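In the two assemblies presented below, subunit A is common to both, partnered first by subunit B and then by subunit C.
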Partner chain A sequence: MNLRKLVCPYDTSLIRSFSRREIAVRVDSPLLVRDAADVVRALGNNLICVILDSTKPLDAAPLQNEWKGVPLALVTASVGKFREVVKKLPLLRELNIRVCLPASNENIRDVRILSSAGVPSTIMINGPEVDWDALSDLMTYSLFGRIPHAPIGPFDYIVHHYDSAPHLCWGAAFFEDPQQFFHIDNKRNVALSREELLAEKFIGCIDEVEKAGSREIENMTDAWKRVFTEKSTCATCAGFKLCLGIITPKNGQAKRCSAFFSEMLEALEDLRLMREKALAEQKTWRL
Partner chain B sequence: MATVIFKPTEACNARCVYCDVVHNEYAIRQNMSYELLELFFQRINEYLLERPEEDMVVTWHGGEPLLLGPAYFDKALEFQQKHCEKTAHKISHQIQSNLTLFKSEFTPVFKKLRITNFGTSYDPFSNLRGIGESVDSVLYKKKFIEGTSRAEKDGFAWGMIYVVTKLSLKRPLEIFWHLVNLNPWGSVMFNPVYIRDKKLSHLQITPEEFADFLGAIFPSWWKNRRRLPTVQPFIGLEESIVMGSPSLLCSDAGVCTRTHFGLDPSGRLYQCGRSMDWGILDYGSITEKKFSDVLEDPQRVKLRDRSPQLAETECQECRFWDLCHGGCPLDAWRTTGSLMRRSGMCDAKKIFIEKYFEPIVNGMNRGIIVRVTTSDSLRSEPAKPRTKAFHAKQNGPMWINPTGGIAEALILSGVLKHVMEKFPTRKFNVVTRTECDPLLTGHPAIAHIGHPPPGAAFMSIDHRYEPDYGVSGQHADRAYQTLARMFSLETPIAENLWVPFTVEADPVLAGFLPLKSQNVLICPSSDFHGKQMSTQRWEELVGLFSDRDTFIAQTGKYSDSHVRGTYSLLGLLNPKELISLLPLFDAVITVDNFTAHAAHLCDLPAVVLWGPTDHRIYGYRGQRHFQAAPSCQRADGCIGMGRGSDCLTPCTLGSGHCLDSLSLKDISYAVKDILKSKRGTVRRLSKKNSGINQAV
Partner chain C sequence: MPNILLTSRCTRSCPYCFAEKEMIDSPSRIMSWENLIYISDLLKASGDKGVSLLGGEPTLHPDFVDYVLYLADRGLSVNVFTNGIMSPSRLIEIKDHLSGLSTDRLSFVCNLNNPKQTPAPQKHTERIHDFLSVMGPWTQPGFNIYRQDFDIKFIFDFVNRYGMRRSLRLGIAHPVPGTTGMHIRPEEMGKVIERLYSFRPLFDRFRLKFGPDCGFPICKFSNEQLGWFYRLSGGGNSRFGCGPAIDITPDMSVYACFPLSKFYRKSLYEFDTMGQIVEFYSGIHRKIRAEIPGIYPECDGCVQLSENVCSGGGACQLVSRFTKEAAIRLPEIENELEKTGLPV
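Let's turn to the complex of A and B:
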């Protein structure tokens, strides 16, 4: 059976009820980061990361030295003032941190700067309201930029997991993939996404779900097929293989997201071929 | 390997409009009896024992074979185990189903029969495929998606056929992307509809329409083929033509009389599934005839003469013979009334290859042309020479990506002028390049310069990929000639560089430049460091012919080192302005760069200094070439394909760089010689550019 990774709140009794599970623990206060990491590890689980939902922009986030050694996803709305962020760069580079930002125009710009400054980040694409051209530039920078830069999600996730045959659910870069992640509440109820967790749309208790399986998981996994029976423009999109209809464009916007995903697929194929070529070249001995 | 198209039922839950079975009033409404089913396996065993070298493929067909239910397949497995004890390993089963009835109850017996994949059919848009008498296409799609999902979960692969009808012609790309986005584990195949019922003639397509349908899809497939499912007929043509490993379907292989036969629910044996549906080429009953008898039936034996006859008659001149062998004899019978004629759908293949496949494939994989070399050629005499077909007639002009620099753009412009003269209606689109656009804008062979749309058909013009490009022994295949051949021009051809504007001296430049009685332009600049001579050497050279009557100007990029003793025009001129400047000068001294080509364009005497590149490929007759001998130990040289990273770094030999070994005295003598026999600046000032250059 495929044991899912768990995304759960920082609740000691809840975490104690799991053993040898991979857990991403969610906290809403910087003061809890270190404690949450220690608790997950101390109770015999494998810590994926601590997810800190910050109400402050990155420039105002109270980064702490004691976070060193804690894999941290800092979810925030914006970067803030760079003149403040610059002061924190030495510490940011020492932390095992990934700054997760929604895909606003400012954030797309700022993520590039963060990346070139050596700070890993992730742009959370969750809707069609994105400047696709800017995102395309960011993707190109992420995948092909020659100067050293920190990884940018979800592009680094996609390029790492891309295979030309099956479909790829890159929502996992933000813990959104029912094949990989369960979102758990304090009462051990399972939701298949962060959104469904907040809406308390549960599919059952984790013990039952893992024992008996769930029709909802199958439905969600097969959700991409719905576009073929509905009259959706996504079904005929050249970028569908990557988008899988997750981004539902509004009228007149389909071409823009389609161009982005098509371009990314081309980039991924190019990278795959480059990797294959590099592997082939490794077969030749060298000094 | 023998293949039996096995139709144990002609019943179907669907009522697809163009289906020959469900609308056939003579269709057999009863399933094949268990007695006949048992006899079928006895016959298979008998055949395989008679021919131990053979295998047999049983293709379950219909009607809809899943209507038979799992129990029927259990029975088949039972008979196979009972009668084919020694031959079962030589039997493989395939199944053609619409999958709308697939349930996991079928899975165990299918696994035991070693069925691993389903062939199916699908149509996302038209309402031609549907369930029940009402032809409910919405229900069909829903059930189809459910069926394929279930099949995948149970570990089966599936591929699908899309039948191209008149209704398909408006939206080929939408259909294509819809089908490949379903991500089948098998192939997607496009087949033309075959209509026999005159009431449905509005769905019939012509070979041209089928070719155009495929042609609309092909660029997208070709560009993305590495990440897409297998798509037929494209992959088959790529394997046959490009890779040289023929992969032909039954309709094209020309050997169906030796390999295929069909069996209907009543036990009648036919040539194949299609002949069964159409009621022709009936070879008798399974109760009376062994399979080996069927394969030697006089009708089949006669039909075997078809290929040799066609090769000598109708198809004699066709260079695609080995790709289709006259096509399906049943289709020939449908359109001509004779099984011995060629199929009309051969034309679709021919048109598609010539109009769409070759221009794209030849453009991207230089040197690959259709050379038909299948092992199964039935031609009794050597094949006629195949001509290299490369005359694109796309719906829109083919796109050209002007790789290389502005010098290559100048060569391209000249070659396109030839193309325009030979094929006046032929136009191209050109991908915009900031540097090259001024040289190509207004060219009569160019319809548009800009950004290509997604899926645009491209033609590569990188002549350096050409197998005959370069110097081999005494023979040098020049860039201009190679490029001309890529456009199907016969070579050798006059190397007339050409620009789509009038070349005349810029009056502004003429007004402010302190020209003297003798004027020399030098251009030490090149994007490739290996092609440059050191600034110090240039300064020494300038010193050798500089005098009070000679004005020497330097052109190049803003970032180039200034050669002292010259008047700097660095960074001031774009290519078009440089061309306008040249008529003011009496001589040019340059390395292998745009200026050398521009001097040829303007008929201006030039001294050209060559290092890692070869004047025999890029230099022009009439220019004075100084070729440095390679001084480095790099066997593969420092310029060429795959060594782009060397471009930006200076030669590692420093002062030992090949170009720095050239004799400056000899170069200065050549310059002085030109200036001595100075040709009038006035003459060139008024000269128009209209193919003014000498031929090779």
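Let's turn to the complex of A and C:
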């Protein structure tokens, strides 16, 4: 069984119990960001990033100079007023930060603003209640923007991994992929998503799960197959390869997410062809 | 420098407004963040360094302050054309958030009307004073000439009182083809320049420069006036031209200046760079001038015109003439006039 990456709370004894693991450590206070990063590294693990769950919007987040060099996912509900954010832009551009936001209409707009201003960000798509047209515009901007801008997740993740996986779980862009991530609490219990961790829906202790495997993991990773056995509308969706039925739209709402994922697949194909063409051109003989 | 139209709403109703038709035809539209980002990207990709914000009254846009900060952060210098009439809360926002920008990154042109010749409500006048008392050093006075007996004495007082930039932007009210708004006719240009020259003692005394907007014909200046004009406008900046001023509307339409807003109106998405847009509308200007070289018969064969020292008046005056009297040889222009509902 391959070792999953761990998303765990900032608990020194818990982190000490792991060795050479890839860890994203979660903190709820800006004061803990630097310490958490240092502890994970000092105890012989590889730091993926520090995840800071901020109760404040970005415009009020107390960003700190000492975060330089720390890969940071700042999870917040909103961006706030640009007139305040603009004061933080010089530091934001210097940090190794990604601002993660839920997929509200306002956030879809603000992610584009941040990206154009040079700040990487991620829109967290967790269900069908999304303005798919706005998201589609954002995806086009992310993939085909006129001039270089900061990456926008999950689109940059999808582009980066598209060729290598027949089925792509883009939830990994925000740590939601049971094939890649375990979410654990400080008692070493494992959940397969952030939502299940918060609901204390555990599949067992990490030591047992990693030794013996788990039926729940198989169920979750194979959930896409049920789309076909249960004759869901997703079974005939042109965008299934990207969505894998994760969005599960309610009756009559499938058209909009379907259009989005189909459009994204087309865009990815275009990008792939452009990349191949560029590679072919590079083969020209030269000294 | 392209112009971004943030909103079609305005707080004023000037008798000479050449934007009025455009404003009436697209009411209550405002520039979205998405479109602003697209335009910023286009400007950056085109190598543009600055942008002007227009309206209507651009400060009415709910995100005005944020838009200015955003554009400045993208490395663009921002020039705002305002009438200075804004709510106290908007003025406080501007003071709190924009007065930290240097005058080479942010500037205003405050279009002023003579309070006696173009009366306005007392409240409007007070708000202009409030605006200038806060942003005077960032602000260049602007004045549009729409009558021969115009009076600009009040501007010298404003400049001194509020520490405004010592350069007056002077525009001529141009005709909007197909409408009957107040404007300066070609035969009135000489008298307008005479009148302007009568203010010379004030310009000299207050050391106020002026920068003429498009459409001043060089032939209507005497040698003495030209010498003064040349010195006052900073030597090399003397302009008698009319090139396409690229306006971009909230719905991403693009055209070459307000008076010609219906004439060859295009979508911004049809172009890849600002250079392409300028080239396209320069081509239209050339076609217009292939029909009529300038606003006077003597423009035909004029050496100043052939050497691009003078454009022979504004292109809008020529198109306005097409709609009234001229026989048009180029079918493309005739078709465009018909398409946009202008009587030929």
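What we mean here is this: the second predicted complex is superposed on the first by the 281 of 287 C-alpha atoms of A that agree within 3 Å, B and C clash if a C-alpha of one lies under 4 Å from a C-alpha of the other, contacts with A are read in each partner's own complex, and residues count from 1 in each chain.
Here is the rule we use: contacts are C-beta pairs under 8 Å (C-beta built on N, C-alpha and C of every residue); 3 or more make two chains touch, one makes a residue touch a chain.
Because the structure is a prediction, the values reported are computed rather than measured.
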- Query: Sharing subunit A, do subunit B and subunit C clash or fit in the superposition?
  - Reply: clash
- Message: By the touch definition at the top of the document, which applies to A:E281: first (subunit B), second (subunit C), both, or neither?
- Response: neither
- Item | Which of subunit B and subunit C A:D222 touches, first, second, both or neither | first
- Message: Quick check on the superposed pair: does A:R83 touch subunit B, subunit C, both, or neither? Answer first, second, both or neither.
- Response: second
- Task: Check the contacts made with subunit A and report whether subunit B or subunit C touches more of its residues.
- Result: B
- With the two complexes superposed on chain A, say which partner A:A117 touches: subunit B (first), subunit C (second), both, or neither. second
- So, does A:C237 touch the first partner subunit B, the second partner subunit C, both, or neither? first
- Contacts of A:E200 with subunit B and subunit C, given as first, second, both or neither: neither
- Message: Flag for me the stretch of subunit B that overlaps subunit C after superposition; candidates: 81-89, 567-575, 639-647 or 657-665.
- Response: 567-575
- Query: Looking at subunit A, which of its residues have contacts with both subunit B and subunit C?
  - Reply: none
- Message: If we count contacts the way the header does, which residues on subunit A are in touch with subunit B in the complex?
- Response: 164, 166-167, 222, 225, 228-229, 235-238, 240-241, 259, 262, 265-266, 268-269, 272-273
- subunit C contact footprint on subunit A (complex, rising order): 81-83, 86, 89, 109, 112-113, 116-117, 137, 141, 145-147, 149
- Please give the residue numbers of subunit C that touch subunit A in the complex, ascending. 33-34, 37-38, 40-42, 44-45, 63, 65-66, 69-70, 73-74, 93, 97
- Note on the structure: subunit A partner, complex, touching residues on subunit B are 124, 138, 141-142, 145, 149, 173-175, 177-178, 181-183, 220, 224, 226-227, 454-455
